[in-house]
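Here it is, the structure in full.
For clarity, chains are labelled A, B, C and D in written order, and residue numbers in each chain start from 1.
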Amino acid sequence: MTSPPALELGGITKSFLGVRALAGVDLRLQAGEVHALMGQNGAGKSTLIKVLTGVHAADAGTIRIAGELVQPRSPLDAQRLGVSTVYQEVNLCPNLSVAENVFAGRYPRKWGRIDWRAMEDQARALLARLSLDIDVTRLLSSHPVAVQQMVAIARALSVSAKVLVLDEPTSSLDEDEVRRLFAVLRRLRDEGMAILFVTHFLDQVYAIADRITVLRNGELVSEYRVEHLPAPALVSAMVGRELAARREAAPAPATGSGGDALVELRGLGSKGVVQPTDLALRAGEVVGLAGLLGSGRTELARLLFGLERADQGELRVRGAPVRVEQPAQAVALGMGLLPEDRKTHGIVADLSLRENIVLALQARRGVMKNLGAQEQARLAEGFVRALGIKAASLDIPIAQLSGGNQQKALLARWLATQPSLLILDEPTRGIDVAAKQEVMDEILRLAGEGMAVLFISSEIDEVVRVAHRIAVLRDRRKVGELPAGCQEQDVYHLIAEQA
Amino acid sequence: QQKKIVLGFSQIGAESEWRTANTESIKQAAKDAGIELKFSDAQQKQENQIKAIRSFIAQKVDVIAFSPVVESGWGTVLREAKAAKIPVILTDRAVNEKDDSLWVTFMGSDFLEEGRKAGRWVVDNIKGGEVNIVELQGTVGSAPAIDRKKGFEEVIKGKPQFKIVRSQTGDFTRAKGKEVMQAFLKADPKKINVLYAHNDDMAIGAIQAIEEAGLKPGQDIKIVSIDAVKGAFEAMMAGKLNVTVECSPLLGPQLMKAVQDVVAGKPVPKRIVTEETIFPMESAAKVFPTRKY
Amino acid sequence: MNRVWKHRLFWPVVTLVLLLVLNAAFNPGFLRVTVRDGHLYGSLIDILKGAAPLALVALGMTLVIATRGIDISVGAVVAIAGGVAAWMIGGSLVIHDGVSTHVSRFPMPVAILCALLVAMLCGAWNGALVAWVGMQPIIATLILMVAGRGVAQLITNGQIITVYYAPYFTIGNGYVLGLPVPFLLAAAVFVALLLLVRRTALGLFIEAVGINPAAAHLAGLPARRITFWAYVFCGLCAGIAGLIVSSTVKSADGNNAGMLMELDAILAVTLGGTSLTGGRFSLAGTVVGALVLQTLTYAIYSVGVPPEVNLVVKAAVVFAVMLLQSPEFRQALAQWARRPLPVQEATR
Amino acid sequence: MSLAVEEQPLPAPAPRRRGLDRKYVPLLVTVTLFVAMAALGSVLYTGFFSAQVFLNLLIDNAFLCIVAVGLTFVIVSGGIDLSVGAVIALTTMVSAALVERHQWSPLVVISLVLVMGTVFGATMGFLIERFRLQPFLVTLAGMFLARGLCYLISIDSISITDGFYTAVSQARIPVWADAQVSVGAVIALAMVAAGTFVAHFTQFGRTVYAIGGNEQSAMLMGLPVRSTLVGVYAFSGFCSALGGVVFTFYMLSGYGLHAVGLELDAIAAVVIGGTLLSGGVGYVFGTLFGVLMLGIIQTLIMFDGSLSSWWTRIAIGGLLFLFCLLQRLFEQRRRAA
């Protein structure tokens, strides 16, 4: 009949030290299709991809590429077999230049030696296709996560592969970037490439996917054609139950708004980092920080939290001027910051889930006032239940949790300190639809209880939905504020207006 | 007044009291003789000594003297010195080169002979049937350790009643000497008659171990060592050490005289032997007040 | 049973037991512990006593390593502390009417206190260079390693200072309740440290700083202060070890005391299962590691290994221990052993 | 099907980097401080400022330089090699034993010891990679083993009187006037050049950097992590053996106590040269200056010639401290600017 599928997984089973991550999962990926792999946090998506690309050895099951039985033993093997992969989290080398990260292992050569100039030119050209104009000779680590994510994608695209695997490539990209990425993916699909795509954004699934495979708790639910599976049905397939309708209305103005500012920035800025900014954060209010990629949202958050040195302006907490030069000082003042890059600034990989959750609280209490093991467990247990963190036990290293669950654990870390101001930089990154809803509800609940929240997200619709007030940034400068009830459109207008 | 003579001296290091006394003697003698001394410490490394000699050549000193850390491997740099017409004096230890025009004279002690002296004392003074000897060696591979062992063995060879039952390195230090002796004593508590230590420090450490084991050093176990530093005399006066072979570090005046002679163009003998004696326990109290190191 | 098997101290302890058995096989009297002069006496006691300074230094080193650092100056600090104490207590033999009396230049407690303070100062210097100046640990401590020995020799004037003040000898040679004082000192530090690490959040903080300094900093931990104090503590441990070493041989040797101790300490830490890349650490493992090394040294002395073979034996044991500890190696070994008999499988 | 083949015109190449790239700052600082140190010596001591004194730095530290080049790769990969000094000793011992006691031809012996060093390194690399052992432990055990093997051959030193060795040892290549360098120094410079090339222009070299940056990522990027890791230690073993050969020329003897503690000097040289011990960042060229730096500190002290043994050590430590402190300060200043 037709030619065999580009990639076929049969009965893949994988356990980690007794924890079953995958149980007999089948997947068929045709040439010339974009296939979405969906599932809640911890459903086993990333594990499936790692088995497929030879990072983990499957306990049972078969892998066929173009009909042929294969057994990749390392990502290098998989690459040779024509599978090119972008893993969840940025898996590149921070100490190498952008250009090198794109071409590592496949350098352009001249006279048998690496031709750096050619490599840089090619990298620049490649990134330009994704409309990214950055200095490719700078170190990767000098660029923000979103850019790093784009570089990882560029790297995968530059391999001439038959199968392209993308594990949550869009989690830190803004809409513009996503659109450009999709344009590229569509073209590749039309050229006959098979693309496996993991995301938690339902609209993206419907924008690009042809077929959907849903996993739940490591088991295959089913495979669907996208037109046969409307969004509510997809969600129920993933979650295993009906999900409450999504909140549509903008939040009611917070109780505390109009009162005195809890934290106030008066012309706070740092040369070369953020322009002087005025911003008032009030108890009981969620302030959204919107802007395009690289507009300086993260930098502003870091400045506020003492990770960057402010060289102008003033910061007031409860009306009193303060200096914050260390995160410890910020924490002592009752602030918390959930960083956008969870791998390098968030998780403490080898520590257990429990220890990761209590870390900030313990830091705030000081060395001597130790939370006992039981107290720690009780606290962690509570958050695991409240946030629905999926983990085999409280004592496994956090690195063994799925990406989304790590993110929830980090949120728990700050909630445990009961901060008066919580700065959330991309808090919904990599968490599934159901959980996203829960997190947003949680944020509003916390604000209702009197917490001030600074909410940063590349998903402007999320910002609009959750914020009582939105500060819009552009080119590291605040360009205006919008009240609650505004639309996504208004934000874009404000950004464009100032151009 | 004529130009001051410049002497470049490369010392091995400062690993022991003996060495420190040696250095002090040379510094003091240079001062007394009005010779400008360029002193360099090699921290036990031959390569550092070679570097120092090269730098002496570059500094155009009048005479180079050094105590070779080992005997071999000096040919190249000595030829460089010869080419630069700088006379070389060896102290403390010889070098293993066929071309003896590379140095003008060698003064110093003879480790082999020290080992022999210690051996002879044992053979002459320890009576009775089986004599079980334990040996505390110096740092493995170091010249004094090799030669003091060789000299000692040479003497007791062919005398079957003298037997080295255990031999282990104590790295020339008190701490190691004590630790090793402790283990020896536990392993064969009754059988040890004589301890031969390659230097006094190890012997002093071992004496402590012997006392802690409830034995009497100097009586239950006879102890022979080498160097004759102050601590050894104290031990001998307390009756805990039987004999120490002197290996005098006070070469300074002799060296300065040789340097002056060489510069003045006077002939110097190819080998200048330093006086070495052996101090048994009985002489300790008498000699002690005169010891400088 | 399974839990014992999986415990991360299992393999280090197995090695220790093997070495003890080996020793006992060569020396019949090895395992005998008797009471002599009112205290315990025997090879095992010697090992406990001999391992104490190493264990102390290694305990301090464990904390430093856990913060992603390393301290190669501990040997020099051992020499400095011993030198200070010996110098302050006094180095001359005073004989009154034919009886040597105990005289000290300064009171002994003052001397001990000063020696420990100086050791902590050394640690603070290292800590400041690492935590505040931002030098790489190995270079920062290399400076003190090189210069520190010079300082120690400066204090002792290049001589071996012999101590004649008998009360000082208790630290290295004394017994309390029948047990050697060095052992008790090391045990006390171990227990205190264990309590500190378990009962306060210090252990958590140190591990967090060692695993991901950036994340720890962001979570509000005083990362630099923790690093700094780890070095100070390491200095203190080296100082105590220095007192023990100098007291044991009743003298201070600026040049040789604590020579190469840094390597042995690091070896003990790693043999105990703590990774040099920082993070998770095991204090008990370090103690076991130190005991393994001391037992090995003791075995080399008492079994009658010729000195020129010492190093090869040591290498062989270190290779064996680390391979045994490697799960990958055991797995490979199991596969290799199973191959000829595919059905055979360990039951239970 | 790759994205590189596309019809759009290339964007105009961005302007090439202006001025000095930030990543070369540590290197520049090291070189500047070296020059400052040399100037200081020239002012303080007569006879210091001469071509031969500077060439002596190379002659006397050639073996250290060669070893440090190999070690740079190991450290950049995030590992460490403590066996280098011991492998030098073993090389000298084996060479001396074969040439003097068994009259083997020097060229055969040299090739043999180079292979031996490489295999020794590769074995350690294999153990580290295959069984996930800590490099520090493995190479420390390797150090014990190599030194132990020396003593098994002979505890005494063995002089080399072979014509080839003595000829090479004494050969001097004139540079200008009567300033000369030794064969060893030339080999060292060649190794620095080769090392720089390998580090920056070969797949192997770049993979080493990637592994040092993040081993897990390098693996996921599909780089040959395993073979490269083994290769790094093999290369370091080779460099140690080559350093050993040069050392044999330098010393004309085989001895188990040769090059004791050299591993620390080598590590210091590498780190001073701007390589991070945590891996991922470093320069072979910087290592050359690290070596020269240590050499010049020593030379300064020798020219002074008035220090006692202990003041010598304190002075070395002090100069090292001064250097590292300035290095840090300059780097921070540059970064802040």
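Methods note: a contact is a pair of C-beta atoms (placed from the backbone, for glycine too) under 8 Å apart; a residue touches a chain by one contact, two chains touch by 3 or more.
Since we're looking at a predicted model, the values are computed, not measured.
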Between chain A and chain B, the fewest steps along chains that touch one another: 2
Longest centre-to-centre distance from chain C, chain (CA-based): A
Cα-centroid distance, chain C relative to chain D, in whole angstrom: 31
Inter-centroid spacing, chain D versus chain B (mean Cα positions, whole Å): 35
Chain centre separation in whole Å, for chain C relative to chain A (CA means): 45
Where chain B touches two or more other chains at once, by residue number: 13-14, 20, 23, 140-141
Residues within chain D bordering two or more other chains: 151, 155, 308-310, 312-313
Chain-level touch network, classified as line, ring, star, complete or other: other
Listing of all chain pairs that touch each other, if any do: A-C, A-D, B-C, B-D, C-D
Contacting residues of chain D [partner chain B, same complex]: 47, 50, 52-53, 56, 59-60, 63, 150-151, 155-161, 166, 169-170, 247, 250-253, 255-261, 298-299, 301-303, 305-310, 312-313
Chain D-touching residues of chain A, taken from the complex the two chains share: 55, 74-76, 78-79, 85, 87, 91-96, 100-101, 104-105, 107, 113-114, 121-122, 124-126, 128-129, 133, 135-137, 139, 154-155, 157-162, 184, 188, 191-193
Touching residues on chain D, where the partner in the complex is chain C: 127, 130-134, 136-138, 140-142, 144-145, 147-149, 151-152, 155, 264, 267-268, 271-272, 276-278, 308-318, 320-321, 324-325, 328, 332
Chain D to chain A touching residues, read off their complex: 1-4, 6, 8, 10-11, 13-14, 17, 21, 23, 197, 200-203, 206-207, 209-210, 212-214, 216-224, 280-281
Of chain B, residues touching chain C in the complex: 13-17, 20, 23, 137, 140-141, 166-169, 171-175, 178-180, 182-184, 186-187, 189, 201, 204-205, 208, 212, 214, 231, 234
